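Handing you this structure, nothing more for now.
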Amino acid sequence: MTLLEAEGLETIYGEPCGDCTDYTGDRAGTNQCPECGSVVACADVSLDVEPGEVLGIVGESGSGKSSVAELLALEASGDGQVDGEVTLAGHDGNLLDADYQTRHEIRTDEIGLVHQHIRDGLDLSFTGGGNVAEKLLAAGWRNFGDVRERVRELYAATEVPVDRMDDPTDTYSGGMQRRVQIARALATDPEVIVLDEPTTGLDVSVQARVLDTFRRVQREQNVAAVVVSHDLSVVRLLADRTVVMRHGEVVETGLTDRVMEDPHHEYTQTLINSVI
Amino acid sequence: MTDTERAVTTLESDSIDDAVAELADDGLSGYNFAYLDEHTKREVRRAILKGIAIPGHQVPYASRPMPLARGWGTGGIQASLSLLGPDDTFKVIDQGADESVNAANIRRLADRTADVDTTSDTTNADVIQTRHRIPEEVMGDDQILVLQVPITDPLRKVDGSDAANRRRHAHKNYGRMWVHLYENVVEWGEIKISSRYPTMVAGRYLMDPSPIPRWDVPKLDDADNLFVFAAGREARIYAVPPHTEVEPLAFEDESFQVERFPDQSCDACGSDDTFLTEVETDDGRRVYSCNDTSFCAKRQDDPAIPKDHHRDASGVDWGPGTPDSEDGSTAPSGGDGQ
Amino acid sequence: MTLLTVDALDKTFDVHAMGDQRVVGLDDVSFTVAEGDFLAVVGESGSGKSSLLKCLYRTYEPDSGRIEYHPTGDDLATCDGRTVISLRGEEIGYASQFLDEIPRVPAVDVVARPLREQGMAADEARERARDLLAALNLPEQLWEAYPATFSGGERQRVNLAQAIAPRPRLLLLDEPTSALDPDTRAAAIDLLATYLDEDTTVVGVFHNRDVVEQVADRVLELDDAQRVRLVPIHEYVGEVVA
């Protein structure tokens, strides 16, 4: 039973000439259309996630993995031209076409997103607890005591010190901010959570902690996840299945250990061989 | 509700221009009736009608230059002058007082340019313009309260971007205000917002009720009268029509509370069920007295006069001191504290 | 009853970096494994032993052939990824030669994890894990430590323990005792014999002939990616080693 499914996802920036996807991608070796100069961030991307499953999306800069993450979380910035379908179990129709209210409700209750850049995911002027509470309040929680209790629970689960709950978020370390984002994404018990580069920019020991926290929480809550990273070891650690992207296209899909140890596609082999 | 004795002037004219010409001598010579030209009045009235049609929604309008500095009630004046007819009676209060300089000046402008009767008696006024207070006496279905508003958007507190806030209002996305409330309780242990208390109008729009004290906020809910909120500098008008649900934002377990004066009563009239302000007398004493000066004067004559003395209806909810107010307290009992 | 039928298994690696050189991993390998069997896979380095195990576990994707897993009827070579994930969780266990480290997880929790995933309570799982680590002679002070700093032999013990802990129906072991000293190796063999059910089927690659002789029921020999022979243990043991 599929939980989240994407079909034919496409995002193009600029003024597409109509042939852009033919002239870009893995075989062309570029994201930019030589005819009209538009940038094809991703094209023809299809994937699916089942309940409780972790899907990894791995690729380098320009692979399109972050564009896909945004589309899956229904948070496309709106600059690019978007095509394709995203469907979520329990909802009819293409969510990319749904109205603002529906998408807002789904983002609040069912799909969480942990942004790559902290400023996109958290309001640094709020307290850490306030950022997590925002999700709950947006979902309609109106009992202050209940909100506090739930925030404490989430802090404990993500190993952020509860005694820092009422400190402004901009006083938190990078790793703590990342974990607050995870706490916030999990606040309303979503069906699926999308993590965009969860460890990028963090110190190594902090990375380990964030990954460990996420692994544990993901298993305990049995929440499905999509983990987007350029770091193969992150995907290897977290994902059951993996998708490899290059220049906006999917080049390989399979069980994570299969992709890592028996890569078929030339690019995947290069990627695996490049790991230090 | 009895009809007040109002003479209705019937004008027999073929056009609005003619009708206006007939009233030309009613006001100040050389000025249009009630100072504003008819097109301006039409624009303001349209904005008010839109505001009534969409309770709590801020309607932009082209705010005119007024013979009064911005920030001193130019919006309120434009609203009042557009609503006042030649047979209307006008009351103006500023922080509850009819005699403050600002209130007096506004009253004089209306008197001179529209030749309307003016009064300090809340129960006799058709239009009341107010800065930062709602009168103690219950208002009725033939009255309009025009409130002066400095900042119209309650979301300004949580985001300086007007564009972002308008989108939030459009999508009923008030999460940030709730976080603000949450953090307020975290910091103070209770909701400690004293004025401009965010309220939800008709379950749809979040509204800033202007800097009225919390004491006055319950009066907005299911009232008999119309409330018009006008801002001249911000160039926006909004409204709460009669019998509209107006609910101050609060948590289930951290409720909205009005100010309490448990041990105080008015030094002049002895009331303990009115909104009091602390004043320093000439001889250096600090005393409390009724903020609503015109009602205080009535209470000085008759300490037991209730806030709905002028109405036949019972079961009135007009804030503390009225029978059905959620606060529960009733008629004045003479200051034994509670 | 037959547990596994491997039929004409082929696996060739297409190494693009080396100018699209093709490396044959397995060539037309066929055999069956009965339930409860302990099948040892032997052969020279590079003969295809590890590749075979990885194909059975689907870490490698065979190019052609079938791997019929009779208890569920799935063809492990071609069934979809999710079926494999499900089988790996419930039916098939695997221990590679080297432990895949997970940062910041102590040894006892590495071993307890598969038990937790089966639904066992945390305390019980950790207790079982401790018993296994004790049986494998892992010093107690290491149980709460992170395997990243362990020696090869210590890691191997953790690896073996976590593979056998959930008592999978089919257990795939790739050189699980190569780095162990003789005493510990003996303890490991002992553990395999006592901890696993009679019905547990094992397909294991063992470097050490002694170990093979002690534990195996049958021996599959590979040479140059091909099956050379499949014989009962007594035939294998009886040979003179040249």
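Which chain is which? They are A, B and C, in the order written, and residues in each are numbered from 1.
The criterion applied here is as follows: contacts are C-beta pairs under 8 Å (C-beta built on N, C-alpha and C of every residue); 3 or more make two chains touch, one makes a residue touch a chain.
These numbers were taken from a predicted model, which means no experiment stands behind them.
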Arrangement of touching chains [line / ring / star / complete / other]: line
Chain at the geometric heart of the assembly (C-alpha centres): A
Most distant chain from chain C by Cα centroid: B
Centre distance in Å when chain A and chain C are each reduced to the mean of their C-alpha atoms: 34
Mean-CA-position distance for chain C and chain B (Å): 80
Gap in Å, rounded to a whole number, between the CA centres of chain B and chain A: 49
Residues of chain B touching chain A in the complex: 171, 173, 175-176, 178-179, 182-183, 185-187, 251-254
Chain C-touching residues of chain A, taken from the complex the two chains share: 50, 53, 208-209, 211-212, 215, 219, 237, 240-241, 254-255, 257-258, 261-262, 264, 266, 269-270, 273
Footprint of chain A on chain C - complex, ascending: 13-17, 54, 58-61, 81-82, 84-85, 102-105, 116-117
In the complex, chain A residues that touch chain B: 100-101, 104, 123, 126-127, 129-131, 133-134, 137-138, 142-145, 147, 166
